[in-house]
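Chain nomenclature is as follows: A, B, C and D, assigned in order of appearance, with residue numbering initiated at 1 for each chain independently.
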Amino acid sequence: MKKLINSVDTVVADALAGMAAAHPDALRVDLDKHIVYRARAKEQGRVAIVSGGGSGHEPLHGGFVGPGMLDAACAGEIFTSPVPDQIIAATTAVDRGAGVLHLVKNYTGDVMNFEMAAEIAAGSGIEVATVVTNDDVAVEDSLYTAGRRGVGVTVLAEKIAGAAAEQGRPLAEVAEIATRVNANGRSMGMALTSCTVPANGKPSFDLPDDEMEIGIGIHGEPGRHREKIAPASEIAGRLVEPILAELPAGDGHGVIAFLNGMGASPLIELYVMYHEVAELLAARGVGIERRLVGNYITSLDMAGCSLTLLRADDEMLRLWDAPVNTPGLRWGA
Amino acid sequence: MKKLINSVDTVVADALAGMAAAHPDALRVDLDKHIVYRARAKEQGRVAIVSGGGSGHEPLHGGFVGPGMLDAACAGEIFTSPVPDQIIAATTAVDRGAGVLHLVKNYTGDVMNFEMAAEIAAGSGIEVATVVTNDDVAVEDSLYTAGRRGVGVTVLAEKIAGAAAEQGRPLAEVAEIATRVNANGRSMGMALTSCTVPANGKPSFDLPDDEMEIGIGIHGEPGRHREKIAPASEIAGRLVEPILAELPAGDGHGVIAFLNGMGASPLIELYVMYHEVAELLAARGVGIERRLVGNYITSLDMAGCSLTLLRADDEMLRLWDAPVNTPGLRWGA
Amino acid sequence: MAATIGSDVLVTWLRLADAAIAERADELTELDAAIGDADHGTNMRRGMAAVVEAVDAGGPGGADALLKKAGMTLVSTVGGAAGPLYGTFLLRMGGALKDVGAIGSTSLADAVEAGVGGLVARGKAAEGEKTMLDAWYPALRALRGHPEDIVAATRAAADAAASGRDATEPMIATKGRASYLGERSAGHIDPGAASTAIIVDALARAVAGETA
Amino acid sequence: MAATIGSDVLVTWLRLADAAIAERADELTELDAAIGDADHGTNMRRGMAAVVEAVDAGGPGGADALLKKAGMTLVSTVGGAAGPLYGTFLLRMGGALKDVGAIGSTSLADAVEAGVGGLVARGKAAEGEKTMLDAWYPALRALRGHPEDIVAATRAAADAAASGRDATEPMIATKGRASYLGERSAGHIDPGAASTAIIVDALARAVAGETA
């Protein structure tokens, strides 16, 4: 295992210290509890948004803390959801009297820890709403299983709900918009290589030099199946087709197309992939209203990419265009 | 070799098509000549800046085209400088009557191709000034050699000179500022893995599982020496010390600290590295005025990082803080 | 043949469990790498170490208080699925021992049953979904088989947990991360069932008189 | 024993050089991977293919026009160090052949000397710095050794270029990318010297009557 780290036990703490040092004017990092806050809290009377999850997906979530997006992010250990104490502390700190939205990716651990925290926070008089993202079409959705994973749509939900909160909308509305984003967004990912969890010290799965995994998540879980590596144009098809098969038609609205890198695939390759995705969507008659290409929700040092399509109505687009000023996503501000 | 590409011959063309598709409102890409332009040219009477170089360093240079930074970027083949025809076409297209600055990284090929282009452009009546960056302390500077490589400082020079050009300063002043940035900036890089040039199909150098290269450039050149992998804190020392040994004292001004990823190292590791760098600089009494952490000048799929320190006077800091709105770097706009 | 145990044995249990988990953490992580996210051993080691630290720090005795403190510590330090699950298990188990003085086989089984009820309430899984429940349920049934002999009961429970762990190998997961793999989850032992087998074995050893 | 050649032989030269470079492009790239940036073979293959395409497209004949067209094509298609260098070489070589009718050994040597002068003017390197100059200078000296026999002269030049190429192996580079490696550049053949040896060999074969 080759990584720029000090030791497997201090990766998360060291990276948070680095974030604090890199963004002293924008962020305040609780290095004890592993919580990233905005340097300046938003005004009283506004809904706050707290997210969080295991580390290893940077810039998600800490990099999305700032005006127009999150109020706080709780960083768990690598691929391990944060604990209720962190979530309660963050929720209490950012509540401006208008309630707090918990944006949670659908993993058993994340859901349970946020659930415990929300129960306790509610008990202390803070209004908490929870929206769970579950956009990964690689996983079958069923009442009888853990359901689909929350992946790329989380970034879009954090941005769009964040803008709604910034406008002063009430908690129920902010939660409704986040729910709507999740309901209209679908994702699919693929990997050229496994990631290596530091504490494990070796790749989570072995992948021969001429094969790729299709349908991977963001935690080094192997995918749904394996096949020979293929040109970018074919890989684009493996991502676009299953998404379109499950994407709500949504009154023929166009999409926000989000081509995401898994951490170790360079931007030049992500642009190659985005070109193929855009061509495919054009051929399928799907209009692209907005685009995002880059490493936003990663899986440590995995090479590969994921595609998220969000069928976006006019309100979502307006909120998407609203100013955002975070280390990981910034425009209009 | 595992890459998200269609074929080794079309990587650059496909990636440029992807850039065009990903940023239709911000960029205009000449897919024939491989030149990235701003969607809206700047006003008449302003100095324009053209840069460029081999591809494989994304977002450099095309991702830095936009208000506050470059006017055009010429994309060569992978690791191969652009040809004079491209540079002449870009120079002619962006000249707004106030002359054009060529920002060139110090590699024999880049220097010669820009030189030929500048001769021809000057012949057709366009005022051209050239600033060559050469900040890599891994390479000895000598009158009798090819000299130091241009690496990380190029990003800072593009930003700072870009802001000066935006303010309407004359060509000589813009060139002087770029020269000053280069003169006061130094860099040092290291690699955990080699990159793989697509047409070569295998890593440019072999590196055992427990070794790293110190003093690498951005083209998969092996470094100056090889050693056992070490904790981030020690790696930080390998970068900081040789830079400080050659960094101008500059009236005790603080620095802009730029911790750059080589393409395949995830952000969590870059933050870990930045933390160590910041601690070391504090211990050495070097004030950090501004910081930039991320993948900005990459070397395909190489894992590793480089550090650039720029001894920044007040004018440089003001220009650094000025609005910039490009796909790769954006603030205040 | 001991008929009852005191809370000192539960302290020993937690210490033995900590040591066994620490020793086998890499194995647990490797099981999790195959069908999950390669953190179960790291998570459990961190949590059990914190539990022993909390126990060492002392405080009001009694099985009830001890297990509640241990449960709260797991909830606060583990995260992921295992934190809330094992944490809730111990919290409920402690609750069930509230007014029990000397703990016999039946009251221990009642307490484990309360713990398992907590697991189901939290995780909403059932037996046969390839989770830690597939080790806990057999363990509970085995405990009930020896109402008079807590040593035999816990030894039988440990053996049953181990068999339950092995029985998860061919299962196709429908809960937890392994469910994302669908049919590819078959052929691997569930990491949570494996950690449960370790923990129940530590219980049997503590009850049998092993010291930590 | 031919005493002179016409521009048709130069066309054959370019074609043979294209074929030989294409065939050995991977080898050149591998040499460049060791001490440069792994693109020399790709660059040269792209450039020579474009040269042959330009030659095929026809246009005004004559050694002068032919080599200028080839040089401009290299400048416009290769990039990197090799594009301006080989491009300038051919431009200057063409210029030197401007008013030469039938090309004899001496006028060929004069033209190559003009080309080498272009390399030095562009690249500001000297012999012994581990660049293509270390193949060109020996080739030029060998050419001058057979003023009456252009076949023998070019064959000697090709052999000298090959020896010059091999002699770059122990050198420590002070120009070009390999210079970044300092002492680690020793032990590797310079890729530009290797491509030069291929190109001079193609010249000798064309002059000896080989067809493309």
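Just so we're on the same page, a residue touches a chain if its C-beta (ideal position, glycine included) is under 8 Å from a C-beta of that chain, and two chains touch if they have at least 3 such contacts.
All of these numbers come straight from a predicted model, not from anything done at the bench.
Chains touching both chain A and chain D: B. Placing every chain at the mean of its C-alpha atoms, the farthest one from chain B is found to be C. Once the centre of each chain is set as its mean CA position, chain C and chain D turn out to be 75 Å apart.
Averaging Cα coordinates per chain places chain B and chain D 32 Å apart.
The centroid of the Cα atoms in chain B and the matching centroid in chain C are 55 Å apart.
Annotation for chain A: no residues touch 2 or more other chains. Residue positions of chain C touching 2 or more other chains: none.
Shown are all chain pairs that touch, namely A-B, A-C, B-D. The part of chain B that touches chain A in the complex is made up of residues 2-7, 11, 14-19, 21-23, 55-56, 58-59, 63, 192-193, 209, 212, 229, 231-233, 235, 259, 263-276, 278, 291, 293, 295, 298, 300-301, 303-305, 330-331. Listing the residues of chain D that touch chain B in their complex gives 29-30, 33-39, 41-43, 46, 75-85, 122-123, 174-177, 179-182, 184. Put simply, chain B touches chain D in their complex at residues 54, 76-85, 107-109, 112-113, 115-116, 138-140, 144-146, 149, 197, 199-200, 202, 204-205, 217, 219-222, 224-225.
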